[in-house]
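Working notes, beginning with the structure itself.
For clarity, chains are labelled A, B, C, D, E and F in written order, and residue numbers in each chain start from 1.
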Amino acid sequence: MLRILVGTAAGAQDHDDDVLVLETNLDDVAGEIIGYTRQRLLEAGALDVYAIPLQMKKDRPGVLLSVICRPADRERLEGILFTETQTFGIRRHTARRTTRDRAPCTVTTPWGEVAGKLGRHAGQTVFTPEFESCAQLARQFATPLRSVYRAAEDAFRAAGEKFVERAFAMALQPVNPAADHDHSHDHDHSHDHGHDHDHGHDHGHATTHDHGTDSTQGA
Amino acid sequence: MLRILVGTAAGAQDHDDDVLVLETNLDDVAGEIIGYTRQRLLEAGALDVYAIPLQMKKDRPGVLLSVICRPADRERLEGILFTETQTFGIRRHTARRTTRDRAPCTVTTPWGEVAGKLGRHAGQTVFTPEFESCAQLARQFATPLRSVYRAAEDAFRAAGEKFVERAFAMALQPVNPAADHDHSHDHDHSHDHGHDHDHGHDHGHATTHDHGTDSTQGA
Amino acid sequence: MLRILVGTAAGAQDHDDDVLVLETNLDDVAGEIIGYTRQRLLEAGALDVYAIPLQMKKDRPGVLLSVICRPADRERLEGILFTETQTFGIRRHTARRTTRDRAPCTVTTPWGEVAGKLGRHAGQTVFTPEFESCAQLARQFATPLRSVYRAAEDAFRAAGEKFVERAFAMALQPVNPAADHDHSHDHDHSHDHGHDHDHGHDHGHATTHDHGTDSTQGA
Amino acid sequence: MLRILVGTAAGAQDHDDDVLVLETNLDDVAGEIIGYTRQRLLEAGALDVYAIPLQMKKDRPGVLLSVICRPADRERLEGILFTETQTFGIRRHTARRTTRDRAPCTVTTPWGEVAGKLGRHAGQTVFTPEFESCAQLARQFATPLRSVYRAAEDAFRAAGEKFVERAFAMALQPVNPAADHDHSHDHDHSHDHGHDHDHGHDHGHATTHDHGTDSTQGA
Amino acid sequence: MLRILVGTAAGAQDHDDDVLVLETNLDDVAGEIIGYTRQRLLEAGALDVYAIPLQMKKDRPGVLLSVICRPADRERLEGILFTETQTFGIRRHTARRTTRDRAPCTVTTPWGEVAGKLGRHAGQTVFTPEFESCAQLARQFATPLRSVYRAAEDAFRAAGEKFVERAFAMALQPVNPAADHDHSHDHDHSHDHGHDHDHGHDHGHATTHDHGTDSTQGA
Amino acid sequence: MLRILVGTAAGAQDHDDDVLVLETNLDDVAGEIIGYTRQRLLEAGALDVYAIPLQMKKDRPGVLLSVICRPADRERLEGILFTETQTFGIRRHTARRTTRDRAPCTVTTPWGEVAGKLGRHAGQTVFTPEFESCAQLARQFATPLRSVYRAAEDAFRAAGEKFVERAFAMALQPVNPAADHDHSHDHDHSHDHGHDHDHGHDHGHATTHDHGTDSTQGA
């Protein structure tokens, strides 16, 4: 897994993986049941769940509910779909996925720390602040969410390339695979961001974060 | 009502009328109930009924069901909405409407007669073949629906301006208002197009049709 | 307000009220900002907030964000829209609304109590279980959400007409208007359903609930 | 095929099948042509047909028309798509499908018999009343469609597990494969539900139905 | 009009204006015609034009085409709608609009000048770079569009409050009303941004722009 | 490649090809960035790019951006998606495609020449006028776009079968493959339709066009 550290020599092909796309058409279930089903699917390890509005036969509005998941999770997630929506059938196909290498990291804004993730692909790095982390500060300080996002991105830009390398190096440390499976797929989890440890950062300083590689997002 | 025959001297303002737009947001009812509700509303005199996909709170897909109707029909149509969807509230606002003058007419295609309607606004006339009339011929002669539409439009173009005047003149005859109310609002009605009377038309000949002015469409 | 208790003699006209519909088109803001803005609007007293997918100019997907609110809340809610989305303009029109009379009530299912609301219009009563109340039991007992809804509806049907009258009578008691304003508009509130008082109900027994008339939903 | 009767020992894998998903993007054809094309596709054996709103280039609203079908029906259905929509190309991919075992059955409500289908997966059985069957009773007795659905589901719950076993046993009888192909794929067919045979049922009694296994729905 | 310069003492009410919302439902016209109609409407002075996907009767996908315009432009725009789409009717209602005060301004990024507009409401100012201006630089320098937007926003933040006041002061100069009408409604116009005059700005310097108040956007 | 000229003996199977479908879900990028990204993808050789409105988690409206492309173009197009949208992952699957044989051709209308393409499948030929070519005439002569389309289709019908054969024969001439790759995938290109050579056609006369086979459209 050290291949990532040697830079762009690692081809894009290396980062590909396979995901399953589960799909079911729903026209006999109310929207509030679908909302609940989506929550349960995400909690159970789905990488992403989204709804597309459909026009079905007999003038019925319907929904195409799609689940992106790891192949190993299919039966469990199909079970939830069958149980909650009473659907009669679930289609699936395999999709190959090109992803960015990811690493968690934390930056410091004038309002406090913001968790986020780094993504690297073909020598280009992006930083995406976590929604829950930003929203919490926006509410706490009664400032627009946009401003918090912006401050987090500014902090990342100020931190520089060295910071990025450190984040990825830490992300590639061996982690407990079992634990990784349990919590890494919920990158927007609102329950465990109590960053009460004091890093003593200045504004604009960014620091890597110590939870496992978030290799499981829906993309 | 003879004002229409004097041509473009009648201003656009003259043809305006008011319709009500009824709207209700639905996230606790299945698509197949909504499809049925739409059919019942159309049968009960709604000028148009359409569904817009919504994204409602708590990750719920929903539907904005909209009904265009005459003000006098509001209570009856709201009754259907309340009964079938169990909604807790229905919003409404008045919309002013600029419409084309309309007149029914029938044209003759190589496959047989096609009913349609003429629309006139600001000196410009359009002819719209009726869906059900075209679809019936398309099925009967196993020809693409597009070809039937096209042939009907060609027949109209061949018939010329004189034909248009005659159609509007006939449409403006006094009609039985009660009867008009009962059947004129379903311009796509599939139940009464048995044109078994032989007009002996050649292809390309268009003729006016004798049912009442279709002044009630949803626009 | 006792008019409701005398039955269907009260005309539908009596229950009408006016709401404002605020609308803004967004094509320069990310979806996650919109999701946050919706949450803030609902917290600040919006009766309903929903998003409609738009196709805007220059091949841009956009969103029509709509807010249903009481006229008195307009400036506060517009302020949130301006601040969070940076929109340049917000349209509004007044909609008149036909609503059901509403009363809160609680029913008892095999899994526990379920809060809900009664709605009455033109002599017809419906019972809608609260999503959060049902979802909590569904999770706790690992049963499909649909089954909990169904059980709650069965319990309501078993309770009968007398129960309905009692619920509406209680709902019409004088309540503290100030308090009513503060919490009644969040009918899906997840924070205050600790029904730890023991009513000793059998399954199928329904009971009225003591919080104020929920007269403020988005409809 | 008797494996289904031995219960949950049969793994979910056994019920998988492959379907084709045909897709074509349409931006040069009117909605009424698309509606007709959908009807023709369903009549010609498509398992499901649905439309997704697209935003295509040059500010054009478009539609992604999707057809779920058996591989053997592809050429016939593509022919309809080419002929009616004049599309220049149709994409397809294979989807694997997990389905419930299905069996037709009929239940008796206070308003009369309602046809439906049973679905069984992983030891869990659901009953779905047929739309057309419910809608016919709702219209005949001027009762909300929701109430008929509800009564049919209640009747199924009252009938019990023994009923389910009998329905599946009957569904697994050898049927005339040719006939099966011709009519089983239209589970919402409105043309052949003349249940004039008197079963003498009480309300709440459910009975199995004698037409072939509906193994072909769109899911 | 000098009221704007005295700060927040001017109430939000002052900036309200009325716009018309024109709406027509289309299910008999192809998407490419709709795309063209939108372009013509924008060229003819519509403040905004957008399409909402609809589900119309008979399984037809349709489009709700909406036009936001000044009341004085209604007849001209309705004429385009009637001519291009052949619609039979156009609904309209008036919407009141709360808008930000606007002023054009230009900022300087590392890649060159970017035109944009300032918006001020309730003491809060936002700067929105113009799409065409950013896109031109992004293409010219092969840099992501996001980076150009970001740089323009950074430049605005660096310029400070004094800059804002100057922009609004200049925007409030008397302008030729006739000329204003003709070109100000196209804030994304790609044809006249040849800023060949050298301002000699440093990066981060922002300057006001001398074309008329853009008071006409669709909001 | 001469097989096409021998008529319907060539099976549909012969015309199949494989395309890639790239998909990425976007909820953290504004609509105007997506519009730009679509333009860049089309310019870079994508066969088609379209956006589907999604409902993503946390009440976020999102977009499923889909790209149809040749397998050889994948890395280049993924690069644009990564760079412009900052997405963390792109899914892909292969779709097999049934297409019509295509040939460019030009017809003559009362307003001038209109470029278009012929499509042939299973013995059936369709002619699709090019949008840009029609739109240019519609603007130039202030005539509805619909009328220009109609006139172009009429001209094609008048030209007859012989014309079709000539068009396909010319389309099958050897072309410079490199050149073909560079410009043939933009069938709506607005830059090179200066048909200033005088063919001296009468109205209704159609003629084949000499640019390369447009075998690359998105279908």
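We adopt the following convention: a contact is a pair of C-beta atoms (placed from the backbone, for glycine too) under 8 Å apart; a residue touches a chain by one contact, two chains touch by 3 or more.
Bear in mind that the values here come from a model prediction, so they are computed numbers and not experimental data.
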item	value
Any chain in contact with subunit C as well as subunit E	A, B, D, F
Length of the shortest touching-chain route, subunit A through to subunit E	1
Chain separated most widely from subunit A, comparing mean CA positions	B
Furthest chain, CA centroid comparison against subunit D	E
Chain copies touching (subunit B, subunit E) - same or different residues, decided at half shared	different
Chain pair with the higher count of C-beta pairs in contact (C-D, D-F)	D-F
Whole-Å separation of chain centres (CA-atom averages), subunit A against subunit D	36
Rounded Å distance, subunit E centre to subunit F centre (Cα mean)	31
Contacts with two or more other chains, residues of subunit B listed in rising order	28-29, 32, 35, 38, 51-53, 55-59, 61-62, 83, 86, 93, 131
Topology of the chain contact graph, where touching chains are joined (line, ring, star, complete, other)	complete
Complex contacts: residues of subunit C adjacent to subunit E	23-25, 28, 52-58, 62, 64, 75, 78-79, 82-83, 86-93
Residue numbers on subunit B that touch subunit A, as the complex places them	26-32, 34-35, 38-39, 51, 53, 56, 58-63
In the complex with subunit D, residue positions of subunit F that touch it	12, 19, 21, 38, 42, 48-53, 68, 93-100, 102, 117, 119, 121-122, 124, 126, 128, 131, 188, 217-219
Contact set on subunit A toward subunit C in their complex	29, 32-33, 35-37, 53, 83-84, 86, 131, 135, 138, 144-146, 149
Interfacial residue positions of subunit C with respect to subunit D in the complex	53, 55, 57-59, 61
